[in-house]
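A, B, C and D are the chain letters, set down in written order, and residue numbers restart from 1 in every chain.
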Amino acid sequence: MNFVSDNQAGAHEAVLAALQNANTGNSPGYGEDDLTAAAENAVGAVFETDCDVFFVTTGTAANALAMSALCPPWGAIYCHEGAHIQNDENTAVELLTGGARMVPIAGEGGKPDPELMRVHMTTATVHGVHNARPGAISLSNVSESGTVYRPNDLAPYRALADEFQLALHVDGARFANAVVASKASPADLTWRAGVDCLSFGLTKDGGIAAEAVVIFNGGMAEQFAYRRKRAGHLWSKQRFLAAQWLALLEDDLWLTNASHANEMARRLATGFSAHPDIDLPWPVDANELFPVIPGSIRETLRAEGLEFYDWPAQPDMTRFVTHYETDSEDIARALEIIAGARVA
Amino acid sequence: MNFVSDNQAGAHEAVLAALQNANTGNSPGYGEDDLTAAAENAVGAVFETDCDVFFVTTGTAANALAMSALCPPWGAIYCHEGAHIQNDENTAVELLTGGARMVPIAGEGGKPDPELMRVHMTTATVHGVHNARPGAISLSNVSESGTVYRPNDLAPYRALADEFQLALHVDGARFANAVVASKASPADLTWRAGVDCLSFGLTKDGGIAAEAVVIFNGGMAEQFAYRRKRAGHLWSKQRFLAAQWLALLEDDLWLTNASHANEMARRLATGFSAHPDIDLPWPVDANELFPVIPGSIRETLRAEGLEFYDWPAQPDMTRFVTHYETDSEDIARALEIIAGARVA
Amino acid sequence: MNFVSDNQAGAHEAVLAALQNANTGNSPGYGEDDLTAAAENAVGAVFETDCDVFFVTTGTAANALAMSALCPPWGAIYCHEGAHIQNDENTAVELLTGGARMVPIAGEGGKPDPELMRVHMTTATVHGVHNARPGAISLSNVSESGTVYRPNDLAPYRALADEFQLALHVDGARFANAVVASKASPADLTWRAGVDCLSFGLTKDGGIAAEAVVIFNGGMAEQFAYRRKRAGHLWSKQRFLAAQWLALLEDDLWLTNASHANEMARRLATGFSAHPDIDLPWPVDANELFPVIPGSIRETLRAEGLEFYDWPAQPDMTRFVTHYETDSEDIARALEIIAGARVA
Amino acid sequence: MNFVSDNQAGAHEAVLAALQNANTGNSPGYGEDDLTAAAENAVGAVFETDCDVFFVTTGTAANALAMSALCPPWGAIYCHEGAHIQNDENTAVELLTGGARMVPIAGEGGKPDPELMRVHMTTATVHGVHNARPGAISLSNVSESGTVYRPNDLAPYRALADEFQLALHVDGARFANAVVASKASPADLTWRAGVDCLSFGLTKDGGIAAEAVVIFNGGMAEQFAYRRKRAGHLWSKQRFLAAQWLALLEDDLWLTNASHANEMARRLATGFSAHPDIDLPWPVDANELFPVIPGSIRETLRAEGLEFYDWPAQPDMTRFVTHYETDSEDIARALEIIAGARVA
């Protein structure tokens, strides 16, 4: 019963079949092929708007390249102190932006406190060239604490972006789960809420390596193709990237996959909540759970075959992640084990 | 009859089958899986030595990351003036090295003239901090003119590398074709000839996105993992990169593929050589041909269905590339067409 | 009565006289002149050791270049959250290191809490390539809160540096004031306490533009000359930089200047401490004071001609700085004004 | 008799006097002082236009920062293959632009051939993201061969800049000498001829460290202040930079100095031209001469006390440079020695 991470999942069969189908003789390289054009259009259709779509291979590449387009090298990027872009992507942002500054911001449930952000931005603005200039806000939806922003939740950040003339980015490594959880349309969760750019990831949702930078603000897209190329992220056989996207977007497979993952998480959450000695500090909006579990119970769970991370944010905190191929029978078994575990 | 580029080919069936086989439930992410370890070992076995192997997605990433490990940010990188790393990879080297300087060197048949290199290196050394310090030599084997270095051909470059204490790199985007053409072992073509680092590419040889940086000089491998990560080139589902390598290395499929490509090119070369109005200025060592073809014949060839590039290095020069799935009947047909084409 | 900043002072007469004396016909450029050699030796003599000395023009250049020598591009740099290198030097560190990560650490009196540092370093180490690797600690002596480290105070940071194999840097923009305040020798305050590299600034102490990077750890000095050159910080007429150093080091003028500045601050501190409504939260070790002054008193002081900064670290906090040419009669007058000011 | 370089000269007395005069008590730091504003205005007056002026310390800083404002990180910068920015400033351009590509272009007398430039630009444009995008042209006036561009000479480069939508930069490390030699106004030599940005250097013309980036194209000036700061090139006591400019611009001292230097070079040129065994391949437009002198004569000249560089561009080539304080009696003596030297 593996709940370690959704990036430990395999690839959806439809994705592998699509690779097979894409393998039809010669094709133009470097993204000038028909499948790439079709996949870019398919992403545009998801968002009901014209937008610029750039496929890449990893979430780190998507985030750092997005930042390079949104923020000048002397800019500050504000994100939650626990965000993936801050803690799990080494110094990719610094490298690809040419040296922008990360500014981690505290906040409940994985969401940076807008008022704290405001203080930082104001100070930096007053300080002129001496400080990094406010450049971009990066939120994660789903957040690194498993919580989800609904469209209205994005308003305070958009207001800051307007006030300080900076860009609003969303790291959507689990965007499918956020869409399902929020019941909002992809458009409402992004550009209609003032998001300038989305890192849209389907790797965790059934792809092999399926990430995209989606730019809603045309001015920011200018020259992005150069950025992707010089970072080594333009595939020669780009159609094999595009094919994954077409497979996952077809018939909303991406949402079906995410719905399953979220439902599996919901069931697990019920089990944790019902346990007298286990606490769930943050709402389980999507497919991640962060139960606080006493050490002796953790040992029992592991002895019974449950795999999960210890999470450094709080003492005794753990992380469980479900995904598109999490087995509902595994969940049922896990729930029994959880229910039966007692503090030693 | 498409002879435009070997990166316009599809993927070998064995590669797609390997992806399918790799798709077996949960697996550790970020290269900590068994397939990655197995593939790294398999590459080591090819070279009959301990070496450090880092899988990446594109040749541009492999080359620029290799340079970042071999050359300091204030270093000069010497390569042929027609090299891919110089002309076709934007400013990836500058980005990933932190600003090293490319120094293009002229030379016959895609091979930089060692004496010219020496002049540049001497001047730079005398000039101290004012000039970029000699940092690395990058050769392409197969070269950008389709010629191949045999082990002895590498000696003058290694001598320069020793004299100026710099690193020797080989861009092996078509390394399989070079191995087949030279009849030398991979070890003899690399570390035994003093090569410190190889960009080893199998994308053009049947992969989807199968490139590797192979470092023979342990000291240079230090911290490479950090470089790959911060450039966004560490896949979460790394096993799908590794699986391609295992498939192509198994039973020397990579060499079988390259042998076919080289043989197809050899046949085409025969046809071009036999034609009274077509010149082949460089030896056809591997799977690329650069025939100089009068304009009216080019028109005829295209009218008859041959696809190929015009090549900017000389007037009337063209480029034809064969690959692992080039059809021998296509070649036969092309030979007939070539034989029958006449200057208008 | 200007107490705004010690960089608003002019230059000491001895410095201007030294420029005049250095102006004697032709001289080799780019630091190959005799004055530069003499000044480098003079700095070495101050520290009673062989060390590598690189003169530059600004403290920002000194700090960021020092970081580039001490910390890899994927490294983390730990400093106090209020440090100049963190808040007042834009993104110079990111630019000149090639993208290292700044990690601000809280702590009393401008000194980062070693235990908090330790938590960050441990987490980063466990997290491997995913996080910035611990690379360097940067302390400011005098700190940004006007406090001073004595040699023993540096021990916990050196212990961390040893444990995590990273470098220890001191930003000595006011190093003269720290030497005077601590009564420790320059050697005891640096390399004997395990400091690998010092940004040694005399601009605030009577120079025009007199900063130096002093590297005590030979291995780290390698190639620093290339770093300085490519950042545009090697003067052609370098002797005019060196002359400033010789003037200020001669007969310990730098310490005489700093003694005066510290004494002027001590007197001011007495006045603030004696006032019933003014608080001095941090010890006044050197030439900076951060009194917390009620708004109506601040207005009175300004109306009477005192110039000083409001300081954002706390409500009602201000900053007063004295320097080598602060007039003792100004101090006497200021003390009277302070003593007479009352909350409205 | 030192003819090695104009940066081996000292500083003009008026400059040192200006530093003394600037040393009047406290003054706002970081360029917010009155002298800086006055000096910026004085530079504007020289060019008879509104322009943005940023004082820095070295020509390398001026050039590389200028490039960072004119050219994107994925851009190509075209300059003469012998230009200072290409050969004598290490990899400063790569560092401060974030990785732009230098493209050296051959050409007579230190001036890059516009037709060769055109070929490179066309190829790069056709090649799209795969090649560095044409970004900027950088000319040196005076050129590295001592020749001068008159306003009309700039037209072909401006035409290329318009055609490929790139920026035109002039490295004016010896701009004063070019103004004097060309008899054109500073405005005619720059913005009226389509120059977007000038590196304006007075260090060689009597300053200590007096360089400026002058931006005529407002759009390019945006955010330059951030670039200067993060490169460590904003002095805290900026007035001491500004004072040098005011002194040199007052009563056209900068042109008087350059006139003297040019006249001294002219006299030397007469002597070289008259010598039967010495060749002057390039016109001596300004204050640099590149006579080709047989080895035995070189020995004689040196034995008689003449100091000069051997120049690597051609066998037997040398470089002589005069400057604002070159002694006319030294010239007279040198002319005698040259006239009397014979091939051994």
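Following the convention adopted for this analysis, contacts are C-beta pairs under 8 Å (C-beta built on N, C-alpha and C of every residue); 3 or more make two chains touch, one makes a residue touch a chain.
Predicted, not measured: the structure shown is a model, and the values here were computed from it.
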{"item": "Pair exhibiting more inter-chain C-beta contacts, A-D or A-C", "value": "A-C"}
{"item": "Most widely separated chain from chain B, with each centre as the mean of CA atoms", "value": "C"}
{"item": "Between chain C and chain D, centroid-to-centroid distance (C-alpha), Å", "value": "35"}
{"item": "Chain centre separation (chain A, chain C; CA means) in Å", "value": "41"}
{"item": "CA centroid of chain A to CA centroid of chain D, Å", "value": "50"}
{"item": "Overlap residues in chain A, where contacts from two or more other chains coincide", "value": "30, 73-74, 89-91, 94-95, 98-99, 129-130, 226, 229-230, 234"}
{"item": "Complex interface listing, chain B residues touching chain A", "value": "2, 4-5, 7-11, 13, 16, 19-20, 22-30, 56-62, 64-65, 89-92, 94-96, 203-204, 208-209, 226, 229-237, 240, 325"}
{"item": "Residue numbers on chain A that touch chain C, as the complex places them", "value": "73-75, 87-91, 94-95, 98-102, 123, 127, 129-132, 312"}
{"item": "Complex interface listing, chain B residues touching chain C", "value": "30, 72-74, 98-99, 128-130, 133, 223, 225-230, 234"}
